[in-house]
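For reference, chains read A, B, C and D in written order, and residue numbers begin at 1 within each chain.
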Amino acid sequence: MKQFISTVIELKSIAEDYFLLSFTWIPDSTPAAGQFLTIRTTELSSPLLRRPFALSSFDNKSKTASIIFQKRGEGTKIMSQLIKGDKLDIMGPLGNSFSDFKAKSDNTKKKQVIVAGGIGTGPMLYLAEEMREGGIEPLLIVGCRTKSLIPFSSFNKNIETVICTDDGSFGFKGNVIDYMNSNDKLTSDVTIYCCGPEPMLKGCHAYAETTNNTCYVSLEQMMACGIGACMGCTCETEGEKKYARVCKDGPVFKSSEVKWT
Amino acid sequence: MKQFISTVIELKSIAEDYFLLSFTWIPDSTPAAGQFLTIRTTELSSPLLRRPFALSSFDNKSKTASIIFQKRGEGTKIMSQLIKGDKLDIMGPLGNSFSDFKAKSDNTKKKQVIVAGGIGTGPMLYLAEEMREGGIEPLLIVGCRTKSLIPFSSFNKNIETVICTDDGSFGFKGNVIDYMNSNDKLTSDVTIYCCGPEPMLKGCHAYAETTNNTCYVSLEQMMACGIGACMGCTCETEGEKKYARVCKDGPVFKSSEVKWT
Amino acid sequence: MDLKINIGNIQLPNPVGTASGTFGFGEEYGELLDLSQLGAIYTKALTPMPRDGNAVPRLVETPSGILNSIGLANPGIEKFLSDKVPFLETVKCPVILNVSGSTEADYKEVIERTDNLECIDAYEINISCPNVKHGGLAFGTDPIQVENLTGKLRKLTVKPLIVKLTPNVTDISVIAKAAEAGGADSISCINTVRGMVIDTKRKQSVIPAGISGLSGPAIRPVGVAAAYTVSRAVKIPVVGLGGIMSADDAIQYLLAGASAIQVGTGLFVDPLLPIKVLNGIQQYMKENQLEKISDFHTFIN
Amino acid sequence: MDLKINIGNIQLPNPVGTASGTFGFGEEYGELLDLSQLGAIYTKALTPMPRDGNAVPRLVETPSGILNSIGLANPGIEKFLSDKVPFLETVKCPVILNVSGSTEADYKEVIERTDNLECIDAYEINISCPNVKHGGLAFGTDPIQVENLTGKLRKLTVKPLIVKLTPNVTDISVIAKAAEAGGADSISCINTVRGMVIDTKRKQSVIPAGISGLSGPAIRPVGVAAAYTVSRAVKIPVVGLGGIMSADDAIQYLLAGASAIQVGTGLFVDPLLPIKVLNGIQQYMKENQLEKISDFHTFIN
């Protein structure tokens, strides 16, 4: 983990209100899929807190990293106006990663299923890429409300990808869980990695429970410090400790360890 | 007075940290020299208050107005990034004007001397222009710290103009009061109009007292409402009432009515 | 949809008013917005004698807020009657007179000399101005004094008394109950929060008076917490204010238990804010199928 | 130039510390800044037993501030001794342990069981957390209780006691004097300001605990006013905090009368802030020819 001043390489619109931001990476450490960073969006006092975003790619040769973000409130609005050459105050890489768990599950023969939705798409593209480079052929399932929200340009043709839209305007009609239920081959021997809105995480968890598989999810929570010091970003967990810090103990958790409400 | 959404026509740098901002004028009323407007610089909560600026020109035909502003803090920093077509939330015209007093003093045979400095330059350019169009030939004296702060492009060659720099890097070396003291013709029969930093206002007032002339000054004060409702922007005055509202009773006052400290 | 609310024996057409001291007596803002759409105008404080107000500067901006020390600058009763009342008589929305003073006698005098005015619909009793001192602290910090004063003023008028509280107390619910016990028809909260800004270049307080009153969005969470606390302590309606900059902010107050709200510092940023807030409340009521303002009070307890 | 300040029988190398609860026990931030440059680390609150903390979410952003309800989540004494002390023993700057609890016995137990630790230089007694209740209000709102508790803790240790006050009281100077009378070596102020944010979509408090604690630049004027008030009420040194985001902000506190300052919420925005603040203070002292921290106290009275 390091705080550094990065330079914007490119900001590009990739879908309705979705942007790909690439920037220079200064720390020596290589970020892994699922890790995140925090960005200070303004020098003014409002919006005050740094904003967390998961890495969506990293190129070790050019030391370039990127995130995919959605314009939601004031912080991301400011970010959506960045231009090449702008300076960015970044802290990262933060948290654990899907890769931490992947290492353990790789040696099983299970199909690696990566499920992404909404603002969770970035880290899952990175995870899929990481797997492919590691010689694993994952299945990437992306869920979107409608076609205009699909970041087509960000997909890698060499990765098996299924796109689901709620309204059927592209690909499979239905959500990602519907798709998994409709695909016989997926009911056994899969490991699921999911990042997306809460219902998607819950759905993947439930699917994994029913099919007796393992599922890893990346959680979101309001964060202040982002490094484990303030106890602000906790989530409820099953087991001895009632809470875990999303920023430090997560953001990736085994779904069976999360207390779902 | 009206609140309206204006469109930026042009933002142009005219001297070090000084900008000329021109924009469309929506109200029916014509603003006069010395009047001001307030601009909302952001939709965020910081910087919170609207920022006041005096008009530096108005073209009735094209319904175009302008201000000259200095980049000082956060509000003006945001303004310095405006571009053509941006929308601006403006309230104005506010306050009284030099013209209110000029009307009364015009018919005297006195020389009209307009003294401007720093962020007070805008309204005085407008006043000089107003006089010239009204057939009066004023003398415009502009004081600056140094040459790089002089907005050369904003001067009208048809108006007799003297530029003073503190460091002598251009024009008369010394401040505007030094210049007035050095110019014999000015010691009697002048009416002085001044907008600029506090010491300049005080100096003009003292000069007018000594030479038995009348002086009008435009004051600055922190403003909240800008329209006379909150009693926040008062200045101390001589006379029955202890305070006057700069936004509503001013910003232009007869210098002998101001309590100088 | 019914936007009306009752305070004592009067009815306000809607819950959105303009906070005392930020709206003068309404003339100036009358040029910018349609006063007849307001739920009420809460006037600038009135004291028996004219007050010049505090030394200048009286204002400074802070992060998402402003600090002020106006010092209750106002024309006094005489000038109020001659200069302000004629205008107030033309105003179509309810007018609530904010009453201030340094002594009990001051409050009494203002009510006695204005009670016959038809253009005044109710009184807001300002016992909470941090910029006027009664032995060091604001009047409104001692429950016994508050109950006493309210009781005495109660006898002078049948018009509703809205007692305005300061947040600068250990337990605002105690003060609210004291006002209720004294006969208040409503509680408004909050007045400004004690604050100070120092000019590090000049090495002195920016505002000569020193500690002054903080308002604006910075204090909104403080106001919402106060409105929530007071709503649970008293049975009379609560008027919530502090940092309202949008309809959503106002709705926070209503959900917290307030029956009406006031827009103060927000007016300086956008004079049309009260109208926008009112429209936003109506839209929210429609979307959430709320029929009257008291329906807001059914969610949080 | 002498940056050192004395609190009780210890000396801090400089006035810039990190506020309790925002810096954990220092490990995490140790990766981002050089702890040996700090005037002091004020640790996360410690209570005898481990505390899970309050329900989630615990944080929400407000205009220029944040509202939190962590609920003193901490490992408890056992885990503190086994997991945190080994790290704290390596830290080169003074370490001040923030002591919390629900009862007097809790405070006593924390001090008794840690007083022998060399790595702890002083105690900050947190009687002001708005997120833990003692009969409805924070401990630190009653001067008699404050004097009593301070007096009892005083007997347990010769290490300096810094009593941390809440701004949520009618008159903070009364509480400060009570702590001084009880034997406190210093007062720190302020803890967070009571506040609340309501989610109008879900129609409930964003933070399940309801009223929580507001911090950050929004409350800076409140903190400066408190530091100013307390500095005039007591003779012991005051530690000022609340919303410090720059050296200039810290200097406001020093000019107001504080001898030291803490950076809290500002750390979340910029972990290097304490270092920047320290550099800025040094530069200001140079430019203004101040030789020691107490020279800041000669301007405003």
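One rule holds in what follows: contacts are C-beta pairs under 8 Å (C-beta built on N, C-alpha and C of every residue); 3 or more make two chains touch, one makes a residue touch a chain.
In this text, all values refer to a predicted model and were calculated from it rather than measured experimentally.
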Other chains in touch with both chain B and chain D: A, C
Chain whose Cα centroid lies at the greatest distance from that of chain C: A
A-C or B-C, whichever has more C-beta pairs in contact: B-C
Computed distance of Cα centres, chain B from chain A, in Å: 54
Euclidean distance of C-alpha centroids - chain A vs chain C, Å: 47
Centroid spacing, where centroids are CA-atom means, of chain A and chain D in whole angstrom: 36
In chain B, residues with contacts to at least two other chains: 45-47
Residues of chain D engaged with two or more neighbouring chains: 63-65, 216-218, 245
Graph class of chain-chain contacts, one of line, ring, star, complete, other: complete
In the complex with chain D, residue positions of chain A that touch it: 1-3, 40, 45-50, 89, 91, 221-236, 241-243, 248
Footprint of chain D on chain B - complex, ascending: 45-46
Interface residues, chain C side, partner chain A - complex: 63-64
Complex contacts: residues of chain D adjacent to chain C: 62-65, 67, 136-137, 141, 168-171, 193-198, 200, 203-205, 210-211, 214, 216-222, 224-225, 228-229, 243, 245, 248, 251-252, 255-256, 284, 299-300
Contact set on chain D toward chain A in their complex: 21-24, 28-29, 31-32, 44, 52-53, 56-61, 63-66, 68, 70, 73, 216-218, 245, 265, 267-272
